[in-house]
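Multiple structures follow.
Two complexes are shown next, each including chain A; its partner changes from chain B in the first to chain C in the second.
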Partner chain A sequence: MAASTKLMLSTGLYQKLSQFTRKLHSQPALLSSFRSSREVQELDQYPDVEVVANPPEWRFVERLLPPATVPQPEMKQEYPSGWRPQKEDGSKSGYYVARTKNHMVPVYLHTRFRGQRRITVVRRVQGDIWSLEKDLRAVVEQSRNGKLCATRVNELSGQIHIHGDHVDILRDYLKEKGF
Partner chain B sequence: MAHLRETSDKALKLLRTLPRVQIGNLRPNPNSKQNDKRGRAQHGGDKHGAGNKGSGQRQNFMRLGYETGNQPFYMRFPYEPYYKGHHMKRQYPPISLLQLQVLIDTNRIDTSQPIDISTLCNSGLLKLKPAELEYGFQLTDDGLDNFKAKINIEVQHASEAVIAAVEKNGGVIRTSYYDPRSLHMLANPQKWFQKGVPIPSRMLPPQDAVDYYTNPKNRGYLANPEEISKERLVLAQKYGYELPKIENDSAYEMLTTTKDPRQIFYGLEPGWLINIVDKTIIKRKLE
Partner chain C sequence: MLKNILNKSRQVLYPVARTFTRSSNNHNAATEAVPSATEAAPPATKSTPLILPQDYAVNYSPVSRSTARQAWIENTDAVAERKVGLIELHPDVFAAQPRVDIIQENVEWQRKYRYVSMAHTKTRAEVRGGGRKPWPQKGMGRARHGSIRTPLFKGGGVVHGPRSPTTHFYMLPFYKRVLGLTSTLSVKLAQDDLHIVEGVDIPTGDAQFLKDLIAERNWGPSVLIVDEDHMFPANISQATDSLGYVNLMPSFGLNVYSMLKHDTLVLTVAAVKHLEQRLLYQLHRNDAASKGGKFKLDQV
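On to the complex of A and B.
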């Protein structure tokens, strides 16, 4: 038994056998390069390599790794894109509109019936939602030259639905108030 | 009227004992459901709506548009194949200058480093799907007037106005081609490093893209750098702004950082193997 093992090792049979068994019952881990990778050849075919620990080029690799969390915005003198960081804490007005995880104002447009019905949705409202609805309706009605505007308040989920596309107006208004 | 009241009282009494009308205790309207059984034999086993004789009975439905030997309607008239080969064409999903400025303002992009596809994808807000023939990003001119960032950016397509907007702020823009495999690596570098495969070299552009990427007007990565610096001046005169001098800039080194035409990642050479677990780089030994 021992002699045959020695023989296999010495004649390269072992290598062939291992290749054969690999083909025979290969259950590679999902998404690995096991099956697609080339079989290992004679070692002298490969170039000499060195493993560099703490390489000076590691900063280039670190730059390519994505941040684990959404970065916190920095305070700057000006924001040319029109985006602004949140300032208001809501203690003055009695209500508070939280920013999204991406630091954006949560005002959205819901389009239904192939664009026939457009509804502006203000989300993440906390505190006195009815007074915010009153304020927002005043802003919308002013922009519509006094024409009335239908709204719906969902107190439980903290959402205000406003009939029509007033996303830009309301987003600007909330940003101006500091939310 | 007494009997009527009696009847309504009875009905109300009945209603009180009955369960509420709900979706759970309603049954479908009569005849709204089709019986999925098909009758057999003498009673009900006749033609089953398929008619008598021919292709109708045998249910060998003709292919769509076939007119039993006539020249079919869809082949009867000549047409101009506007969209021929549309499924083979390279796609360049747009990002506007406004979007880019928002990314910079919300601290999603670090302007102190050169920006490329991997920077945009790592922001987590933009996605590139090389499998759907997306060959990189094109920078569009939306929000051009509010763009105020000094950046070194590499995109795959950019219009003249966009190039002017970037260079006006003292930035550098370059257009470069990546083959789908390189794009796959750039779209998610971390995932690709986890494979443990040496970095390949970037392929050269295909024949129909060579003209674009060798043109200094497009700031192509294969164009002559001297001609590019000349074109920068020409564009500044055309759009009427004074070209900021990069040579005197404190961020000169960052602004002039470029990739080799065969290089995929900044600072990492083809053939290197990145081990992100042990934080080592496996390089070929130099003789």
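On to the complex of A and C.
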């Protein structure tokens, strides 16, 4: 038994096989289809090509490229997602909530302490932030059946922080008001 | 009521400006605005006034509720001030919310990222000597010690002292840098410390001309002149060379620290257009998330 294994080890076939596996590890391109393609020929072997700058077909390529900046939304009667364009300019209410560059309402949820503290943040408020805070607090307190709700206003950065997760309520309310 | 009076007085004082704003508030009315403004322009200026309405490029409609800010364009060919024209500045860049907190963060960052602390102390291993036990462990009636350079000894090493060189390099988040620029530009404009000139061509290379011009127009004491091109004309380079308080800067080098360091910021029309275009692009770019990652030393 031992003699036969020794014989096998010494055969050339085994040596070649181990050499090949070692090469595979050092040159992984060995098994790729890379070598199957033809080598580059002299230039005159290839058909003539014409180099064109700005051909009319280039617009089809441009169509595929993503736009560099966020485009303006198309105006429609209704959008299936429930998104609405901003209508209000704040001249009536005295305050204004600007949309983000992606045309969304800037209401976010901040979670701290592994989700134990949830704070709703309304950003990009311009104008009379205190009266907006009053309105938003009334909306939240109504949704909580009259229970009080803590808020915090940062006038410098135009942000209102509201204790608890009221993102959907406030987003809907602001959209309803046209912001 | 006060607002009404202000508006009315403004209309009386600047009838040209008033009509001009109203017509250019319609986004595509830029073409209408120009002839109406030129017709009503005061005859004081001989050449046609330079009227540059804010055209709000398609994707850069203002987020801010405030309308475009108007600023005079001044001449630089003589000491005496002459209004060459009027420019409307984009409210998102020149009438942004003055975030003093972000301005402060920018200034702190600009101070720190290039600061390397050279304060240095030696540890007990680095202080010379102290290799042998100063006195036997027992029998002397004294406290036991193994080295005369321990931190307990006078002249010994220092524990947790400053080690040089300590870099204080860090990068402020990208959009804090962008907001810092818009905030500072807005603050400068609101405080009447931002002036717009038609160009940086001055007739002589004499520093006295520039001194007189700054004194005449109540600029300064220190003035930062910004143009789009980084190659300034010979005259202004020569004139500012001997004045330490008048500095030149290309618009791509504009930064919060320099704007605050100088009392007056003077932008050319080309610089204003360049700054507006770059900053609005950053505020509206689609791949903004690509700017949010960790700063890598080998990134472009």
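Rule of thumb we're sticking to: the second predicted complex is superposed on the first by the 119 of 179 C-alpha atoms of A that agree within 3 Å, B and C clash if a C-alpha of one lies under 4 Å from a C-alpha of the other, contacts with A are read in each partner's own complex, and residues count from 1 in each chain.
Simple rule for what comes next: a contact is a pair of C-beta atoms (placed from the backbone, for glycine too) under 8 Å apart; a residue touches a chain by one contact, two chains touch by 3 or more.
Remember, it's a predicted structure, so these values are computed and weren't measured experimentally.
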(message) Let me test your reading of the model: by the given contact rule, A:G115 touches which partner, first (chain B), second (chain C), both or neither?
(response) neither
(message) Is A:A98 touching anything from chain B or chain C once the two structures are fitted on A? First, second, both or neither.
(response) second
(request) Return first, second, both or neither, reflecting whether A:Q126 touches chain B, chain C, both chains, or no partner chain. (result) second
(request) Check whether A:G90 is in contact with chain B, with chain C, with both or with neither, and answer first, second, both or neither. (result) second
(message) Contacts for A:P71 in the overlay, against chain B (first) and chain C (second): which applies, first, second, both or neither?
(response) both
(message) With both complexes overlaid on chain A, does A:S157 touch chain B (first), chain C (second), both or neither?
(response) second
(message) Applying the document's definition of touching, compare chain B and chain C: which contacts more of chain A?
(response) B
(message) Quick check for you: in the superposed arrangement, does A:V49 touch first (chain B), second (chain C), both or neither?
(response) first
(message) By the touch definition at the top of the document, which applies to A:E57: first (chain B), second (chain C), both, or neither?
(response) first
(request) Check chain A for residues that touch chain B in one structure and chain C in the other, and list them. (result) 66-67, 70-72
(message) Under the definition above, what is the set of chain B residues touching chain A in their complex?
(response) 98, 101-102, 104-108, 113, 118, 121-122, 124-125, 143, 146-149, 189-190, 193, 195-197, 265-268, 273-276, 278-285
(request) Quick one: which bits of chain C touch chain A in the complex? Just the residue numbers, please. (result) 58-61, 63-65, 97, 99-101, 281, 283-288
(message) Help me check something: in the complex, which residues belonging to chain A touch chain B?
(response) 33, 47-55, 57-61, 63-67, 70-74, 76, 78-83, 102-103
(message) Help me check something: in the complex, which residues belonging to chain A touch chain C?
(response) 66-72, 89-90, 96, 98-99, 101, 124, 126-127, 156-158
